[in-house]
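Below are two complexes that have chain A in common, paired first with chain B and then with chain C.
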Partner chain A sequence: MKKKQFFRVIEPYLYLLPAMFFFSAFLFWPFLKTIWLSFAMTTPLGAVSSFVGLGNYLSIFTSQAFQNSLFVSFKYAVMTVTCSIVMGFILAIISNEDIKGKNLFRTFYALPMAISAAAASVVFMFIFHSSLGIINKVLGTHIGWLTDPKYALNAVTIVTVWMNIGLNFIFLTAALQSVPLDLYECAAIEGAGFFAKHKHITIPCISPTLFFLLIINVINALQAYAQVKLMTQGGPSGSTNVIVYQIYQEAFMNSRFGMACAESIVLFIILMVLTLIQFRLEKKVTY
Partner chain B sequence: MKRRKKWLAAIMAAVMSMTLAACGGSATSGGTTAAGSSDAATTKAAADTQAPAEGGKTVITLWHAMGGVNGEATEALVKAFNESQNEIEVKSEYQGKYDDLITKLKAAMQSGSMPDVCQMYDIGTKFMTDSGHAIPVQDMFATTNFDPSTVMNIITSYYTVNGKQMSMPFNVSTPMLYYNKDVFKAAGLDPNTPPKTFDEVLEFSKKIVESKAAPVGYAQAIYGWFFEQQIAGQGKYYANNENGRKAPATEVDFLNNGAGLKIFETWKKLMDSGYADNYGSTTADTQTAFFSGQAAMIIESTAILKTATESSDFEIGTGYLPKIDASATDGGVIIGGASLWMMDNKDEAKKNAAWKFIEFTTTPDSQATWSMSTGYFAVNPKAYETPAMKDFIAQNPNFTTAINQLKDTPVNGYTAGVLSGVATESRTIFNEAMEKTYDGTYTPEQAVSFLAEKVNAAIVNYNSSTK
Partner chain C sequence: MKNKMAKYLLYILNIFFAVIIISPVLYCFNVSMMTMKEVFSGGFWPKQLIPDNYIKALQLAPFFTFIKNSLIVSCTVTFGQIVTGALAAYAFSMMKFRGRNALFLLMLATMMIPSQAIIIANYLIICDLGLKNTYTALILPNVASAFAVFNMRQAFLQLPMEIKEAADIDGCGNFRFFCFIALPLVKPSMGALGIYTFLQSWNHYLWPLLVTDSVNMRTVQIGLGMLQGAESTDFRPVMAGSMIILVPSILAFILGQKQLISGLTSGSVKG
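== the complex of A and B ==
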């Protein structure tokens, strides 16, 4: 009898064990090691050469490059998240109307999702090329989309928005379909127009989805890397040097793993705080 | 319906049991390996020499960073070596670009899974030397009576640290001027006289743009390598302690000797003239502008000669790297490209095999084939005496530019290039300094001091972390 009781207590933990093993090996251990390394100075091979206490943290906060990368990342996050959610929403609404070839449009809109960031970046590099690119040809301009600090971040944003729309579109389309139709019928009877209908019914009804998308889009934006690595390498003049690229450069180009770890920890804290704030807000803004 | 569900369940169960079986299988084999490696070191050494043997051959791995046309040439070279004898088999693995390769090698050094031969770009020389994982090639010369003068002195000088040749130059390139002969003709310029100085570059660009022969006269990628080249071209040091070769460099020299400022001023003036254009820090974008006929002149590595000839439908001309300071006499170009390093895997058989492969790459025939199929410079001067190479050069006179440019370069501390542990970082900082000069944020003076200050900080950090 006692034996059975004991088994009952430990049974759930046994089920957790395999997952915990993989989590520990691939998440917890690297995380702890990152914290540990963030207090150290490393040799070019990544071995600890001496401990510097909070030295790395002090130097990243006085480093202009790091401050710049935080600023760039936030600017980038605000631009990509707003644009891709708004555009995903507009496309979802349009393709939710009763029109011919609805499913075809839906497939088209979701398609960019299937393209990897690397492939998209390479294609857009041709599109943005200052003398051969189609954008300058069409506009009749001579803008260095990827070489002029005024435009480079916008160009990277455009690519990211294009890539993210697909995912946002799918989630929002699904959400739109779960909005009860009778609400719209009621509204129609009361004489609500297109905009009033969406403002007062659609948006409140899909607010949990919007909120979910907001969180994952922000996290994605702050973790952006491939586009920057391929299209601009953080340049020109650091104008596209987002935080993850800055970390990559610090670790793998400059071989200062300690500094890179300290920067990762800062990114982690920022993401955690943002997520906490968003969850607090969720209770207020969604139904 | 119900029936179908049953079938589905049965199939899923079968799949699951198969996966389980697979897991069980790997667990057992994992166990055996663990047991094996826990044995005495002697067993391990024996296992190492036995394990790679495939039909009595010593198998060694080569990591390289050669893609595209150059990658095919590398594979061909490896194949030629494997077919030339029957004791050693080289397996070559492409690891991405130079920067990716060094990152992977760092990881491999830590996990103890290094290749036996590794290609490494010029600026990785200091890192490789300091890592302690490399066997200096000079230590192997005696084993096969290799004559060190096989390879040109100007080339080995770059890879010589503290008087010892660390690695074997493999793909050697220098920057040179590429120009569009058709555009030169259309602009009324002599298609056989490329500009020799940057003053001439400006003058020619003006003529090209004003005669509407091409929209852009001159373009050059933002690339720290070109900056290093122009310092050597002026006969000046990049860093103190004779470019870090007499003793580890402790600070940059280009700030005090004025070479840096001259470069920034010249390039800024050229860009501001409106006859030149900037396509950013990705060299491929500048190449594309040239291949498509947009830009009439570019600076590029001699290594893209083959690609350039294949990618453009106009006649290409080549010239020496234009000079910033026409009066500098003891300057020249620094050799770039990469060399082959022997990694210390504590295995005598592999070590000897690795050296034999490296030695093979330096033979006149290997170098001639390699050079003809890539555009890289042949490190063994005898390669130019082979009949195949002679014919080739007669048909492709552009290849002679690279050869003559290197022959005209004096062997000295300036042209040996800087030996720096922070070369990659310095180039990134250079990009920022140059970009900010082009967009007007910095004056050339501010840009040079910014660059010097940042590079100095990196050098100090490197020196204290490797102490």
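== the complex of A and C ==
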């Protein structure tokens, strides 16, 4: 009898054990290790050789490369997030009307969600190719989209926007469908036009989703890596050196794991602030 | 009259955007079918459907090995996330125990640690364990995710509490209830989560890049990057390679589209 009762008490924890084990081993422990390493100098193999206190943080904040990567990431985030949400919104609106073939259009709009950053990058590398690429052929130009510092970040942004459209479209479509129809009926009676209708009814009604997407998109944009690695390797002259690429370079090209960890902690703090904002928002919503 | 115009405009806009969005994939397919001459002349459509570039891609890089590796990794990760997620979610939604809220908060906290911020420490841990270039290294760090736990918890919470109470009275143990009653009832959510996790894992780039460096352990995404790096002059095999790795994910997406969309959006903000 006693044995049974004991089992009753520990049973719930047994269900949590597998998930908690993996979280501890590959999330909490590496997280603590990242903090710890950010205060240390390491050997090229990643073992601690000496502790330098805040030394790594002081050097990254005076390092031009890191400051540049923060700036590039910020610019990249602003461009990708605005374009992705605006595009997602336009597509959600035009495919939410009463038209034939609606489901087919919706499948097309959501499809980029399934496409990997690696595949998207290599396809767009050819599309942007300076002599053979279709963009230059169509425009009749010879722009080095990936080799000219003026255009490289825009090219990377275009690829990312294309990949992000699917997710934004899906969430905005779901939000549009939850806007009460009688609001639109009232607006129609009042004689509101297409733009007035969406400005005064749709956008206020879906603003929680817009905000949610804003945060999610920024978080994703700040973690971008594959596009940059494949398309531009951070260049030309650092113009696409986003923060995660900078961290990767610091760790695996320069073997400075301590510096890379300090940069990771800075990234973590930025993302944590954004996530906290998002959680506060989600609290208002029924879970 | 005005209404009809508006409708035509809507069709035109929809077709325009659908073409724009789908054209990179279509273009990729077209180039993978072209001859070198056609590539230089810069047309959009190929004149013939030939498998030459696919054969060349398969010769340049062992794509079947990459696909095998990716399938092993993605399927195991998907299975692992569903199991660990469902078990933990069951405890959080159906059981009462001490420290439930604290543990749930701890779980919430894991969402705040982005994978890219701890990837270096994880890499060093895997190296210390001597696991570089193994399936274990590719799989283990992704076996549990907070997203899976939340998603499954969401599904369990929607089940009527009466079933659980009835089962308790009948003396049905928790594990039996979990396996034979609760899990079958949340199958749609498991499906959505499964497809989402599979796509994510299939598309992973940075982690497999770090922990594998031998050719026969590479996954499809890294393999494609390698092919692109090796072939700087001829894009056709690279496009063929892209098509090879795109097909499984596009299929998974189209098959699971409905479930995926409702599963993703149900837990989010109501507009």
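Definition applied: the second predicted complex is superposed on the first by the 254 of 287 C-alpha atoms of A that agree within 3 Å, B and C clash if a C-alpha of one lies under 4 Å from a C-alpha of the other, contacts with A are read in each partner's own complex, and residues count from 1 in each chain.
Here is the rule we go by: a residue touches a chain if its C-beta (ideal position, glycine included) is under 8 Å from a C-beta of that chain, and two chains touch if they have at least 3 such contacts.
This is a predicted model, so every value here is computed, not measured.
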| item | value |
| --- | --- |
| Clash-or-fit label for the pair chain B, chain C on chain A | clash |
| When both partners are placed on the shared chain, which of chain B and chain C touches more of chain A | C |
| Partner chain(s) touched by A:46 [first = chain B, second = chain C, both, neither] | both |
| Which superposed partner A:148 touches (first chain B, second chain C, both, neither) | first |
| First (chain B), second (chain C), both or neither touched by A:33 | second |
| First, second, both or neither for A:132, with chain B first and chain C second | both |
| Chain A residues contacted in one complex by chain B, in the other by chain C | 45-46, 125, 129, 132, 252 |
| Touching residues (chain side chain B, partner chain A) in the complex | 99, 103, 106, 109-110, 127, 130-131, 215-216, 222, 277-282, 285, 288-289, 292, 294-295, 421-422, 424-425, 428, 431-432, 435-436, 438-439, 441, 458, 461-462, 464-467 |
| Chain C residues touching chain A - in the complex, by the definition given at the top | 6-7, 10-11, 13-14, 17-18, 21-22, 24-25, 27-28, 31, 39-40, 42, 44, 83-85, 87-88, 90-92, 95-97, 100, 103, 106-108, 110-125, 127, 140-141, 143-144, 146, 149, 154, 174, 199, 202-203, 205-206, 209-210, 221-222, 224-225, 228, 235, 238-239, 241-242, 245-246, 249-250, 252-254, 257, 261, 264-265, 267-271 |
| Complex contact set, residues of chain A against chain C | 9, 11-13, 15-16, 18-23, 25-31, 33-34, 37, 45-46, 90-91, 94-95, 97, 99, 101, 104-105, 107-120, 122-127, 129, 132, 134, 137, 162, 165, 170-171, 174-176, 178-179, 194, 205-206, 208-209, 211-212, 219, 223, 225-226, 229-230, 244, 247-248, 251-252, 257, 260-261, 264-265, 267-268, 271-272, 275-276, 279, 281-282, 285-287 |
| Interfacial residue positions of chain A with respect to chain B in the complex | 41-47, 49-50, 125, 129-132, 144, 146-149, 232-238, 249, 252-256 |
